[in-house]
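Each in structure tokens, the structures are laid out below.
Okay, so subunit A shows up in both of these, paired with subunit B first and subunit C after.
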Partner chain A sequence: MDILQIFVNGIVLGALYACIAVGFSLVWGVLNVINMLHGSFIILGGYLTFFAWFYLGLNPILVLPAVALLLYILGFALQYLFINKVVTAPVLTTLTLTFGLDMILYNLMTVYFTATPRRVTLDLGSIDLAGIVMPVDRLLGMGLALLLTGVLYLVMRGSTIGRAIVAVRMDRQAAALMGIRVNRIYAITFGIGALMAGAAGAVFAMVFPVTTNLTGVFLGKAFVICVIGGLGSVPGALVGGLALGVIESFAGFYLGPQHAITVGFLLMLILLVVRPTGLVGVKGYE
Partner chain B sequence: MPRRALALTGLAAWIGLLAATPWVADNYTVRVAITIAMFSAMALSWNLIGGFTGYPSFSTAAFFGIGCYVGALAQRNGVPLVLAWTLATFGVALFAAALGTIILRLKGHYFAIGSIAVVEVVRLIVSSWGSVTGGGDGLNVPLLQGSPDWVAAKVLYVMLAIMLAAFAATVLVDRGRLGFGLRCINQNEDAADMVGVDTTRFKIAAYALSALFCGTVGAVYASWVGYIDPTDSFSILLTVKVPVMALLGGAGTVFGPVVGAGVFVLLEEFFWANFLEWNRAILGGIIVFLIFFLPGGILRLDYRRLLRRALELREAKQKSPEAAE
Partner chain C sequence: MLGKSWKYTANAVGLSTVALVAAGAPGSAAAADDVLRIGAPLALTGGLADEGKKQEAVWQLWLDKVNDAGGIEVGGTTMQVEFVQYDYQTDGKRAGQLAEKLITDDEVDVLMAPFGSGHTKIVAAVAERYQVPLLACVASSVSVYDQGFQYLFGTLAPNTGMTESMTVYFKEQMPELEKVAVYGRDDVFPKAMATALANSASAAGLEVVYDQLYSVGTMDHSAAVSAIKAAEPDWVYMTGYTQDLILGRKQMEDLGVTAPIVTMVTGPAYREFTEGLGALAEGVTSSTWWHHATAYTGAIGPWSSTAAFYADFVETFEIDPDYVHGSCAAAADVLVHAVQQAGSTDNQAVRDALAETEVLTFYGSIDFGENGMNQGREMPIIQVQDEEIKVLYPAAIAGAEMKLVE
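Up next, the complex of A and B:
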């Protein structure tokens, strides 16, 4: 296979990865909470999209905003009811709590949805551009993923809510003194994290089969991308996602697909030790 | 020290009860007793780093799994049983010491992720290295000699011995310089460093100790079940269960992990028998309950206050005393 083709495959995959990780990165960066629910949120988004498409015959792209909104509500509620109560506790507490919540959500999904791999098939064919073959649904997925990530970036930069989130991230106490309701911002941030995960899941289900067994895989990828790209910033997730996509694509081709994930994790471990702030990360988060 | 004597008597009675199961109870109960001893040893081990030092370590499954594989591979290559177990013990401790020098430089979330990533990387390496480890097909481990009842009793006594060794190590650490240093690190690592605690060495020692017994437990487990595979040996559930047990009993205390492991395994057996499909959700529910209602663990509950409140409630005739808890 052509090196250029492998690279392009990596970029397409990387855009999806960026979309997967950006919500996780946001929650981690702002709340200082590792959200172990993230993988399940992605799968939930994917499944809901599939069901809406398969049983109700709806257009998956039009379903996407509805799924994202549902996930936002779920995320907001979880943060408001549970995580806000321990948000300043040590890592062990918050991480264990989100893991416990994830086990409940995961269990609910496996019982009610079963673990059958499901995929929205769009049948859009593929295009051939100067020898580089690319299925159209993947390109569409990449476009949607980049669009979503871009919209989040603009929201964080331009909107009042976005500015408030950034303010809370920078200094929680000062933000509170300026009249920002920190707990509400936390819940909104967590909701946005879930929203991005749900949307990413919806996009993913249009390109690859999703199953509940993938929750851990997606969570692992989000970890790796955050460490590669750095925490709490949209560009960081984008750089990390694209980097991981390209690395996995090459590692998969040259070493075999089963090693692609190992390489990502090894790279993360090395980066953790050598440069914990990531490639474009900001200092100050632990 | 009447409280400590009381607690020690309780522990001795508990161990005696577990040790008596092969003579008085059926195979199922013996299996539960083995599981309790096994998880007690691991929870005690985890407590050394996670409880005393406050480092959120999630690499238990890596230590356990490596112990499984080292023990199994050594035995398959003709190493006698006990030597294979010893090899697993020290192999894992060495691995942890080496790993510790690298990842203990990380703090907080980064350490947590680093320690989770270690489990994943080791699991992936074991799965891909098929020529040695059997890959995803797993490995058969030479069976222990003797009748099933005899094997179960043997495994139980070995696990109880490991549990006791882990407990003894915990007591020694708790009373010694190491424990003092680890608690200083938990309070404020920078300050501990400044007043002359060699934080790096202390942390590595705690980390290696926390791996030591997990390695033995893994090797004995492999001999007990006779078959291991990567998914089972490096399970993320195991990684989370062990800290949860220690937290349930009371992290950083000497007796907490034993109490937590006992309560947890019994709860799990109960739920496993009755709600098989909901096992995971129930475990999640226990975690959520633990974080919100028992943040210090069972041993740190203020029982006198609870009792007083229970009595008050009874006087008010609103609720029964059990419901007050």
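Up next, the complex of A and C:
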């Protein structure tokens, strides 16, 4: 029974992890930009959700589409106005730029929202299924995370924009020659990355305290998940997230919580050596 | 509740601007003889910004009080007091660099340490190198003070003392108490507290059924909470910073941990803990170094009693002070007292005067031991009851009976 509880804990956490990583993975895979803003985007989404709940009494699930849209606009604008200017430069340049933008966003949030942890106190209770306890808000979060990931997957597979994004990812020059406006696709992709981060923030506000202290933690998780799952693909982020959640859960129980994170990083290192594309990654995007 | 904290933030931001402008002004009263210059690297942005702003706010209150009264009398002359502070952005390395800048560029007479044992340790090494007295008001881990530093003095008492009195008190309150689960953050202060509690509990005959640390950066406590639940403890003792504790408490509730005593160090000492948890905070206990329910009178410094400090503080900030405010204001009192005893701002003389300090402040007695830590204070045990913080122990200032968590 213990094993099942640990497994369920891991799966629920893993779905939330996938939600963190999917936007990050997309931006990294398509734009070759390591988006250092990603953790702050998630927390910004969390804050917007918290304030809508605290001041307007709005349920986080209702707020989620609006938060996601706002973050999409912010992401689109940042890519269009700033990052596109250097997007073809070596990865260190874009990394430094997003790092600088992150410093600004992070500190603005700390100054105006304070680092004080805030929480949406819905406290929906737990479901006990034959001794396996599952907190309702986490289940809800898991459902939303899977839904969002699924929708993104369908958009990437079936829509014109999705195919254009994939085309740009595969060959930037060929896509440009086919009439795809590459810079616009970049901005849309970065916007979608921010949108997924904002949506993840709205989901997380129900489960975790919202504080700027967590931006680095989210970013670190996104990194590990992308390497485990593979870059640039939605299934990669999902598999990576679920794998990391389950591994951390078992490691935390059997080896002690002190070693849970270490085991995640260890797995990442092993994969980098034996399978640089990640578990389901596409060759060429390792 | 949030409204107050916003106002408080606005105050702190305002004060910080004033302070930074003052610090950045060219040729600002550089090392004038009639000015006592106190340097302070503070975490005004970054993860510890809330704590850094508490230090900044209470020092501004203290400074206004002192300078409005005309300054301080030192060796027959009147001196003004000035704070020079910089934001080290919660980056320990930067705290050390700024401490060095404060000493060499700004020529401060003494230094105040930033929040937390970890960053205090870094600044203490710099202060020691330049032989500038350093007062730490928010560092309680013995490991900071046992490095042989001669210029470091701390107003918090050793944190190990807290765990012994707490174990004894809880045994009295709940004689059937047998099993304790200890879960601590792997960081200087939270780790020291978790280790100390496990030792105190074992020494008191309790069975420690779970004793683990979690890494800095842990996002989720499901695995640990599941293991704690399986161990069926009577008492769960968790240490960490506010966001860890909020999440930990929520996950205990979600996963069905039903221990009658839940201690979270030092969660309830901060109002953001109770605000973030809402009803789940009810019954959570903690230790703290100071509570405004203490009633010291005849104290040195601008506030002759705890009540006088409390009244001024509440009038200015419209919230209750916590131990960070109390300890840091008292550190400034002690510093001025030492300068007065020394009769000058000479580093060595002030250091020697600090070493011999034995005074009563509104915060309690200050008597630095061999290692520079404040000695022998009885530290309160507090509990959240009906969204308020009640003092359970020591009996002299207790305002409520302990309740078990339902």
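What we mean here is this: the second predicted complex is superposed on the first by the 284 of 286 C-alpha atoms of A that agree within 3 Å, B and C clash if a C-alpha of one lies under 4 Å from a C-alpha of the other, contacts with A are read in each partner's own complex, and residues count from 1 in each chain.
Heads up, the rule we're going with is that a contact is a pair of C-beta atoms (placed from the backbone, for glycine too) under 8 Å apart; a residue touches a chain by one contact, two chains touch by 3 or more.
These figures come from a predicted structure and were not determined experimentally.
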item: First (subunit B), second (subunit C), both or neither touched by A:86; value: first
item: First (subunit B), second (subunit C), both or neither touched by A:143; value: neither
item: Touched partner set for A:269, first subunit B, second subunit C, both or neither; value: first
item: Which of subunit B and subunit C A:32 touches, first, second, both or neither; value: first
item: Partner chain in contact with A:158 - subunit B first, subunit C second, else both or neither; value: neither
item: First (subunit B), second (subunit C), both or neither touched by A:65; value: neither
item: Touching partner for A:54 - first (subunit B), second (subunit C), both, neither; value: second
item: Partner chain(s) touched by A:111 [first = subunit B, second = subunit C, both, neither]; value: both
item: Touching partner for A:252 - first (subunit B), second (subunit C), both, neither; value: second
item: Residues of subunit A contacting subunit B in one complex and subunit C in the other; value: 107, 110-111, 216, 220, 258-259, 261-262
item: List of subunit C residues in touch with subunit A within their complex; value: 2, 5, 9, 13, 45-50, 89, 183, 186, 212-215, 217-224, 226-227, 230, 241-243, 246-247, 250-251, 253-256, 272, 275-280
item: In the complex, subunit B residues that touch subunit A; value: 50, 54, 56, 102-103, 105-110, 112-114, 116-118, 120-121, 124-125, 127-128, 236, 240, 243-244, 247, 277-281, 283-288, 290-292, 295
item: In the complex, subunit A residues that touch subunit B; value: 28, 32, 34, 82, 85-86, 90-93, 95-97, 99-104, 106-108, 110-111, 216, 220, 223, 227, 258-259, 261-262, 265-266, 268-269, 272-273, 276, 285-286
item: Contact footprint of subunit C on subunit A as seen in their complex; value: 2, 5-6, 9-10, 12-13, 54, 107, 110-111, 114-119, 121, 123, 125-126, 128, 133, 135, 137-138, 208-209, 211-214, 216-218, 220-221, 248-253, 256-262
